[in-house]
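Same chain, two partners: subunit A is paired with subunit B first, then with subunit C.
Showing the complex of A and B:
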């Protein structure tokens, strides 16, 4: 019963935060709503007995990704004239919701036809030790592939964001 | 806990992400919507891993978190570069790759 109540509260935060993210006009407000949503998602992971993923979500998604986004938003120092002028925002949102709705219902039908239910977990499920054992026994190759992906993402980000001749011309 | 509730939550998050990408023109909102879609897939993976009582889904979700971090780095660098070149955060302003007689919306 307690689990159900926690689930309802966390889902309210999650859905509310993500709705606020797409509805706010000010970019910094949508970033803060996204922060709330990501924290609530970490809570859902903890509810599913996954303590290690709970920590990873808080450290990486909240602590690194969202805070990096907030920092970029603040340093860009944009004015209102830089933002798009979205007159028919709510019309767009309503129509795209109507378009997406049948697809979501189809997904729900497909997933609920699995007829799965929660059972008691194994001893040590979701702890750092068990996740690490699984990661380094059966998932070594994807792990190495992800390390190469992160390296190339780092090089790509530096190359894209570097000041080049194009921006020097603009300063003159 | 009922499994269907978690499925519904993940589907709602994914749909909100699609709606955000389609209907908004602010580059930051598009970026955060893409991240929301990735995170909803993460939630679905962890739910299924818990339902099947195996940790493979959790490991997959862990790798997906790393992919999210890489995607964020690239996307933010792109936003900075685009803002520096044309002082705008409107996705409609960036049509350098469009044809001359393209579709005008």
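Showing the complex of A and C:
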């Protein structure tokens, strides 16, 4: 009963945060709504007793994504008058909602019957220790492949961002 | 179903965590001002009193709190939108610092009726991850405060705070990683257990001795994370007024201010738990204390009166005014009352210890050991807080580019190097 109530409150925060993220005009309020949504999602994971997803959610989504997003907002320093004038914003939102509605219904149907095709979780499922052991025993090759992929993506991003030629700079 | 003992211990450790974090703020503010006074060859606040009771001047901090509470809530006129969020920003910083403190173990797991109970406000076994993730939320409050002030200085302060946080989060995380490799655990309590063994039979296996490089990087990064001098470029009052809290007044300002002290307290707690043996004294772990309880109690009975005697002696010598001043402002009275209180407490503790030795019980001895470990923890915590204060008033503030340079060019490569060395040693030794 208590779990249900907490779930409903967290879901309200999650839905409200997501709506605020797209509805607010000022970037900083969108960022705050995003923060609220991410924290609420972390709370949902904690409610499932899934400590790994809870910690990962806070660490990656809040500690990295939101902080870096805010860093970008502050660095760009867009003033209110520079923000785009979004005419018919609500019309667009209603239109796109109707457009994705059938897909959402399909998704809901599929997800609500998904739990029938899985076994019940064992004791200790989703804890940090279990996830770590599985990751480094059964999935160690994909895990390493993903880390190499991320590394190459990082090197690529740095190369694209740094277009300036060093030899020219030294001449100056 | 939870037993009564587990509920009592959970509530007590939660209360202890809240007290240690919140009550430490006025003491730290006072210590900071007295420490600054000591270094700058003056006295610092020492006269505020309630009916003659000065307690060395701590009362000043409570006067400050009253003043900040009664101050007018002022919003600059140019802030049109987002006043609610402006008000909320310091709360984010304060609460995240407070929550990060809640995973520190204050004593070893206490065993009551065969049940092992953690003396830790949040009894989770992945405390390091919790500290790293919750601790990084604090900067979000600084971002909101800096942006919503609509002010160039605040904006600069917030972006400095953010980029410094990003720059030092990496060496912090990587140095923690090499400590995690050494201790083979991500729980703070397991780390303290590992550190209570000895190296080569005589050195305490403290993190600082086993992993000196990771320890130094961890301490430096934590100094940067708390935004204190010499890393206080986010405030930098000689360059950008007061950084992200330029427009903040009264209690809004006080929340940022107190958040800084809570963060410093948390950083000290993390340093002593990960590097300096936590709540344990060197060479003396919990099992040893419990199995030799009588010896432990006798040595406590000897040490406590000597310690109290020195404190009383010191108080009698120092708690007085200059001979040229006619009225002593109730200082003799304060000394008298405190002497009586301290003596009574000592006698009470002695009596309790004698009773525990004469009528031995498992519960009594484990509670005594728990209280002793909490006291050890608090003493170590205070020592590290004083270290933080001394560093702040000794070193000048680094320039902003120097701070970034230190983080990216020295600490980051060094911490990656340290992980490699640690991993190789672990593979060779086969721990």
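Note that in this section the second predicted complex is superposed on the first by the 149 of 172 C-alpha atoms of A that agree within 3 Å, B and C clash if a C-alpha of one lies under 4 Å from a C-alpha of the other, contacts with A are read in each partner's own complex, and residues count from 1 in each chain.
Everything below uses one rule, namely that a contact is a pair of C-beta atoms (placed from the backbone, for glycine too) under 8 Å apart; a residue touches a chain by one contact, two chains touch by 3 or more.
No experiment lies behind these values; they were computed from the predicted model shown.
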A:46 contacts which: subunit B (first), subunit C (second), both, neither? neither
Examine A:73 and indicate which partner it touches, taking first as subunit B and second as subunit C; both and neither are also allowed. both
Report for A:97: first if it touches subunit B alone, second if subunit C alone, otherwise both or neither. first
Check whether A:128 is in contact with subunit B, with subunit C, with both or with neither, and answer first, second, both or neither. second
When the two structures are overlaid on chain A, which partner does A:116 contact: first (subunit B), second (subunit C), both, or neither? first
Comparison of subunit B and subunit C by subunit A residues contacted: B
Can you give me the overlap between the subunit B contact set and the subunit C contact set on subunit A? 68, 73
Which bits of subunit A are touching subunit B when the two form their complex? 3-4, 7, 11, 14-15, 18-19, 21-22, 27, 30-31, 34, 37-38, 41, 44-45, 47-50, 52-53, 56-57, 60-61, 64-65, 68-69, 72-73, 76, 78, 82-86, 89, 92-93, 95-97, 99-101, 103-104, 107-108, 111-112, 116-119, 121-122, 125-126, 130-131, 134-135, 138-139, 142-143, 146, 149-150, 153-154, 156-158, 160-161, 163, 166-167, 170
Subunit A-touching residues of subunit C, taken from the complex the two chains share: 81-82, 85, 124, 126, 129-130, 132-134, 136-137, 139-140, 143-144, 146-148, 155, 158-159, 162-163, 165-166, 169, 186
The residues of subunit B that touch subunit A in their complex are 1-9, 11-20, 22-26, 28-29, 31-33, 35-36, 39, 42-43, 46-53, 55-56, 58-63, 65-74, 76-81, 83-85, 87-92
Applying the document's contact rule, which stretches of subunit A touch subunit C when the two form their complex? 26, 28-29, 32, 35, 51, 55, 58-59, 62-63, 66-68, 70-71, 73-75, 77, 128
